[in-house]
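Have a look at the structure below before the remarks.
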Amino acid sequence: MKKLNGVIRAQQFSTKTVEEIFSITEWMENSPPADLLKGKVMVTLFYEPSTRTRLSFESAMNRLGGRVIGTENAKDFSSKAKGESLEDMVRVASDYGHIIVLRYHKKGGAKRAQNFSRIPIINAGDGVGQHPTQALLDLYTIKKRFGKIKGLKIAMVGDLANGRTVRSLCYFLAKHFPGNKIFFVSPKKTRMKNDIKRYLDRYGVKWTETDNLAQVLPEVDVIYQTRVQKERFKDKQSVYKQVERESRELIINKESLILMKESAIIMHPLPRITEISYDVDDDKRAVYFEQARNGIFVRMALLKMILVGY
Amino acid sequence: MKKLNGVIRAQQFSTKTVEEIFSITEWMENSPPADLLKGKVMVTLFYEPSTRTRLSFESAMNRLGGRVIGTENAKDFSSKAKGESLEDMVRVASDYGHIIVLRYHKKGGAKRAQNFSRIPIINAGDGVGQHPTQALLDLYTIKKRFGKIKGLKIAMVGDLANGRTVRSLCYFLAKHFPGNKIFFVSPKKTRMKNDIKRYLDRYGVKWTETDNLAQVLPEVDVIYQTRVQKERFKDKQSVYKQVERESRELIINKESLILMKESAIIMHPLPRITEISYDVDDDKRAVYFEQARNGIFVRMALLKMILVGY
Amino acid sequence: MKKLNGVIRAQQFSTKTVEEIFSITEWMENSPPADLLKGKVMVTLFYEPSTRTRLSFESAMNRLGGRVIGTENAKDFSSKAKGESLEDMVRVASDYGHIIVLRYHKKGGAKRAQNFSRIPIINAGDGVGQHPTQALLDLYTIKKRFGKIKGLKIAMVGDLANGRTVRSLCYFLAKHFPGNKIFFVSPKKTRMKNDIKRYLDRYGVKWTETDNLAQVLPEVDVIYQTRVQKERFKDKQSVYKQVERESRELIINKESLILMKESAIIMHPLPRITEISYDVDDDKRAVYFEQARNGIFVRMALLKMILVGY
């Protein structure tokens, strides 16, 4: 039996490991072992609040019989007041439990943490960096719906420059799931960054870029919608206004449903603001709440693979 | 065995159910079954902080062997920053556990949540709306002291317009406990609202209204004191000043004790600010801390009735 | 079997009890009994956030099978908004569990709490008052390294006026560990206060005072470094500037290591800001992270001695 030694970035996995994650996720979804993590303690270290992600991890840990301690806003609480470094905090926290789930407000936080921790780290989002467990749950959702992740046309829509979920998703698609085509649909100022495009090119993934959603909708199998990451535009209010204005053209609503294939699915990492209208929620193609639920099973699988082995 | 399908508002219960709640509460007080809720997860979703109420529910859940995950300030944390709706949050949270305990800052929150949740909701206070578990613990406290809730004279004192506990209490008294008389004692600007008065009238409950506490004290069996809900007066500072001034006449102190019956009890939903002086605490008629303790047993009973059945 | 009835201040213990704490701490470090506190609930009541201390206690409780409920910022959350007293909060919280761990922002908080609580209180820091469990873990660390706490030269460095850890440490050294010598090294405005100097004199402990760290370093066995308690200087910005400037002379860095004995140890209660350079961390004399780890074992021992007995 081997152990996963943490989850830091999308690129770390072999294709075989990704397959194993999915097969353990299925097991967790269907017959979770209640006392598997008895005696284990998870430390949720969130430097910025993310109620959804934190509770998803904490639910996963509790369902497997483990215990949770943590903080939901470390940046505003003790750390800011006292000026302690992430490195010191992690070094101490790594004595408090058996695994750390870290949300950090700056890119590279998870990697820095791993260098100083004596226990495994799961990256639960690091600024504009990555959010690898989100990408895994996204892919698990696609796999459940289509049986396989191949030959699909996948549109990523919205604030692609600041959305870390779409970035992580691209890494996974390039490395492990050849034979799909990606459509980047975004306001001009928030296009997918070049590093990702290069990465896709290197792996021979076909991609195209547009700001015309209506043209893309009839063609694609997956619409992955994202929100404008308002909190990333703090010092750029005029850019934000423009992005917001152009984003209005990218909303998924009742009219979009008419254009879409019957077999397509609409995904969203949540939270959703206005970029998908509420009247789309009851359409059978709207899978974003199922997607969030899958997150719990994926995280249960990862906790098992890290703390117990596989 | 049947299950309670959530606790949203005071009016939802039949008199028989209220009696069953009290009899299970007694059981919980005397011999709580330690592992009854093993494997169950409670999600405490608090949009505004209420340390006391949250910890009371979390203590109840833990005493029965269940697990707790949650957030104590969702409005200030992720939701405000990202603008997510209550409906979306609840839909996702309903995958995280087996029951949601919701505190919301606006009236109607619990009802809205119930419409979107796939698991039961307990309303732990929704703005100026209701706080039904508080009313249940209030009534349980009265019943323990007087043996029955009948033929009693009950004074509700303080900010009756904004206090949701007195509102919920009136609903219960009207529907399930006939034969009591209510005295509303309040500053002029914070009188009990008309909807409640109508409700009492409909059920034939006798009530009277005054701002003279001294006149009422010698007569009543229960004094239910409440604090001025300062946080509800944000844009009405001059009204607040007047209410605060008149409230000084409604303080329960050593002198009030002299006027009161020997058999009377003084209740308060807490937190208490200045409306009951500290030197009253040691009088045997002061039951507000016992009342808070009863809250744990009532909540244990409700959790059992919802998650296991009765 | 007797029980410890809480931990309020350093002076409360007999020398025999301190020895018993250390021997149970050793047991907790080497073979912790996993279900010892099953069914027990700890309430962590933190009026100001201290992620490290809170998580240390919560980790200790969880490792022994107990449960935790709590709040990490009571002052900013419900209490501030509603103006409730510490006494009322504690009275209610003492129904929620079997032990309260209290961090309070003002001196004397733990003592006040104990007067109103029906369950034991552990003082997790009260303003500029005390932090007795910190002192215990400090001493346990010294004992582990030197075998005994006798005949040692101990330098306490930094903001000695506002640092409660050095105060608690002095109390313990004076009362229980005779035969050591203390060197106070600090900026002029933050010298150790007179009450502690008197206390040391009363017990015949030798101490001296200086602002020259380099002179002291070659001589001492223990360097106990502390940070400037910035949050205690809110209304004294010019004093703060001066203290900060003089503190730069008290930094432990690579050069300090050359001056120090090979057998010496560098301690710090953490969080560390700039008063120990990062390049010191890998030196074998740097024990501050081990010290933090020892805190978990000390707290496990105290929880056992209070909740189960010894």
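Worth pointing out:
Here the chain labels run A, B and C in written order, and each chain numbers its own residues starting at 1.
Basically, a contact is a pair of C-beta atoms (placed from the backbone, for glycine too) under 8 Å apart; a residue touches a chain by one contact, two chains touch by 3 or more.
Predicted model only: the values in this text are computed from it and were never measured.
Chain contacts here are complete: no pair of chains fails to touch.
Two copies of one chain, subunit B and subunit C, touch each other, and the residues they use overlap weakly: the shared fraction of interface numbers falls below half.
Between subunit B and subunit C the centroid-to-centroid distance comes to 40 Å (mean Cα coordinates, whole Å). Multi-chain contact residues of subunit A (touching two or more other chains): 72.
Put simply, subunit A touches subunit C in their complex at residues 39, 41, 43, 67, 69-72, 74, 77-79, 81-84, 87-89, 91-93, 95-97. Residues 34, 49-52, 54-56, 58-59, 62-63, 68, 72-73, 227, 230-231, 270-273, 278, 289, 292-293, 296 of subunit B are the ones that touch subunit C when the two sit in their complex.
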